[in-house]
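Should a chain be cited, it is by its letter among A, B, C, D and E, assigned in written order, with residues numbered from 1 in that chain.
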């Protein structure tokens, strides 16, 4: 698979970042003291962590703890109240072009899928590769069909989103994000609507991509999934990162009492 | 005088016989100006509506604020003035004013289209703005997350969905325009309504003359609505979809 | 405000009208009421003013109307010993009001034509206005004396009027432009240089000049102007078709109004326009 | 003759001096008729729009089909006729027709409101239909699944969401109505536009007379739009919400 | 909890059903030879099963197999192409009133939640109890708060849906359905957006309700959940019911090869 190198991408994003890649091979994305408030309501509190190339970070935590908001902040869909998001060590300038380039390298699969209602499954996938990344029609078709097949949605290319089942929509959303061949992928509960068979399929695709160097952040409620797939697991509670550790450690030997409590049902089950 | 009609329908037939040429000519003028004006006006309305739906955020830098702000302010002023003043005033100012102030000698017909266009654009922009605002934010976020710029997002995602919502509005606008051309006699455009006034004024048969016009309007409206329904249907696409044989796919 | 408002005004015309058993409309004073419709946007025949100066009459809409039509209406009502009630209504509404019986007649500068006579009964003429042209005072056609001097000019008037029809006679050497809808728009067109001038009746021309001194009237002397028969420039009072009783009564009154009286009344009307005093 | 104005502004001031009473009276009439007509017309439009948005399904029984079908057909005819014919014809037929045919002597003012109301209702119903159709079907299914009937579903769920979408449209309609009252002089309603015609017809100063009117219209439009924005804002509710202390909550 | 008796309800729904309950104590809902086509596309094929009082039936199956469509057919949100849905042994008449009464007794939690966007969390719950069932304001408030508390959403009663996280929306949807105190509840993946802790909470509420006689149909992808909570499990594939058996049997000893295949990942996991 002809994955774009970090260098090539940086040349296209910002000149600061371009220089950076030669001298500095640090984290792809760093989150620094991120805070986010909605009105009075403080949703993210002093969040800091780094993402390195090939990392598969799973974020677990109770409902409403701020996991989705964190992903949305990373992707600049929400503006942080304070704190920074660094890309290859540099904060992004705020002009629309840079942010759009950044986003086309940092894909996202939403909890609510957000497929385009007016487009067929195929056009949904093509929107990113062909229209945004301006790849040739042949190349785009090929790569879209490849990922649609991987998630088993190739037969449905002509359907519109409202004609699909929940799991089907989710699979299209995954294929759409993968077809962009991003550097980093943010998944918000990517298997919530999938049956165990399909979860297995998606898992194997993800593992393969991770081996090829794709960096992933996955919000999930499936502990087994997190344990199996992640290189690092982050446990969030009430807007804080409570624990950030390799999965073996976090699941078998959680340091914090809150983590233990949260995992108790999973451990028993 | 011997063949003076005595009934309502008699008069209608008589007036049609007397004035059918004028009615046809007026109808044609009305149609041409309002159709051209509506179509161009819709494009303008989409453009202005999009400009007005852009939100300039506090965190944007100065240059971006200015670049977005100037069209926004212009759009705002344009919409306010054209929605807020009667078309007849706009007609006078554009037709007579352009000649008095700038020495531009506009042809009445061209001026008419221009006026309808500007008027339609102002009304449509509000409609478009409302339509855009009613699109689920998930659609916008989906596009943003792909790194799609504002313009392609509008063209590929937002506007097609907006169009579906506001299609009945476009119908309303065209129908309103057909009727509004009546003020254009102030700039020497002889359209359907003027002919009606002439027919009514010559024989003093208001009801009959206006009934003819009402029937013509009604026919036009029905035709246009039918057309719009077809377009809506076409844009909605097939209800059913093909499931491809997994082997055949690709 | 409806007709009820006029009762408080206390003018001779202001009493609330009611329909007697006989069908004729009367006021509290016992007199019958002559209900006349006018359009109010056609100086010097009719216009609105802020108060009752110069003998303006309060209409059933609560406005004060004046002009040649009002003077004639007052004269007729007085001679017929009737109370006068003027309703102010748009041109298209005038005829409908007569036909639907909402008013008895309209005095609104309407010319008598055979076509119109099929739908209403006209009285005898209450004014005859000859045709003139109005041009820019400093324009190339300011010194025209004969219609043939309009060579190369662009003239127009209001569609479906005798003023517009006579322009057919000059199409050999001048341009008859697309018709406009009002005198006001033609004045604007002259100011904007879209046309060189327009044709209209003499009283209107005088009125126009009162407020637009930069224009000039070309009054063709005998043989140099547009030859039209008197019938084409006669203005009449339309009544409901078949109401010969009223037509006869009005004709009787008009018979006593000589050409000199009429011209004097018209001069009075032009002179009472608010701007000129 | 000595005090004849010579400048544009001179004329404007002169006309205002001459006609300020009438302008005010006309403005009042315009406001009253168009406001009353718009508000009542919006209710009518919602009603008719709802009727038109009902879909009669093949599996419904005969009685239901008829019960739903008759209002639907009536609504369709009403909307077609009132959208398809010029307001002036409607005014003539309603005002003079009612008197000629039925002997009903409508007061011009009441007739005016009635005409605007019917006209607005027809246009608004299309707008409402479009708005309803643009509501996410999930909202409707959510209501249905609770066993909610059609009417409460409309009142509590659909219409509040529709209102948000079509609010700009209501603005458009009112603005259009303010201008459309101009055709009502044909039924002896002396509104703002008629006064303008009188001023222009008396002094033959079109630009000046119409400029005054345009400014009045513009002011009205701006005021009404401001009002509508406030209502929209009020309906949207607070952006932030309170998180109750779990112990305190009930 | 003052749950309404079947008898009382039947008096209000159809007179036929009223007589029925005295002589016939059969299934609450029976699905008979149900078929559903979307255009050419056959989604449900000859589906038949019965639901008895207190049954907790879990439906499992791969994505797109027709599970959601089946629930929607039961609730009359989709019109079956052929076949019947019987309520206490009788088909429902098709007038809107009967269907609405039926629906107010057969609650549904949607895969996409379908909360009312223009209402707060509290009003969303009240919509059913107060506005549809016309219970007193006091009673409605009490019962709504009770269930909102059970799912941990009581602090958020004043929030609007767009201000909630995915899991929060799902919990409100569950509380809204429970507050209606229905006879039958149809759940479409009710725990897909919930964390393990919350799943535990919801599970215990469900078990309690089942003990009180509530009949439930639950579409789920969580096999452990299905195994623990259901009295009967149905496995669907490509629009057919492949297997319908008690969970012990279906999970430990599946009869059909397709079922075994589908469950293989879960069994290993």
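List of remarks:
Note that in this section a contact is a pair of C-beta atoms (placed from the backbone, for glycine too) under 8 Å apart; a residue touches a chain by one contact, two chains touch by 3 or more.
This is a predicted model, so every value here is computed, not measured.
Fewest steps needed to get from chain B to chain E, stepping only to touching chains, is 1. Set against the Cα centre of chain D, the chain with the most distant centre is A.
With centres set at the average Cα position, the gap from chain A to chain D is 49 Å.
Between chain C and chain E, the centres computed from C-alpha atoms are 80 Å apart. Averaging C-alpha coordinates per chain places the centre of chain A 32 Å away from that of chain E.
With each centre defined as the average position of its C-alpha atoms, the distance from chain B to chain C rounds to 38 Å.
Within chain E, residues 38, 112, 163 each touch two or more of the remaining chains.
Those residues of chain D in touch with two or more other chains are numbered 88, 92, 96, 136, 164, 206-207, 241, 243.
Chain contacts: chain C has residues 92, 96, 99, 182, 185, 188 touching two or more partner chains. Checking each pair of chains for touch leaves A-B, A-D, A-E, B-C, B-D, B-E, C-D, D-E. Contacts from chain B toward chain C in the complex involve residues 1, 4, 92, 95-97, 99-100, 105, 108, 185-190, 194, 197-198, 200-207. Those residues of chain B that touch chain A in the shared complex are 57, 59-61, 64, 136, 138-139, 141-150, 152, 156-157, 160-161, 164, 237, 241-246, 249-250. By the touch criterion stated above, chain A contacts chain D in their complex at residues 38-41, 162.
Against chain D, in their complex, chain B makes its touches with residues 80-81, 83-89, 92-93, 96, 123, 126-127, 129-131, 133-134, 136, 164-169, 171-172, 175-176, 179, 182, 186, 193, 206-207, 210-211, 213-214, 217-218, 220-222. Chain A contributes residues 75, 77, 79, 94-97, 100-105, 107-108, 110, 112-120, 127-128, 131-132, 145, 149, 154-160, 163, 176, 180 to its touches with chain B in the complex.
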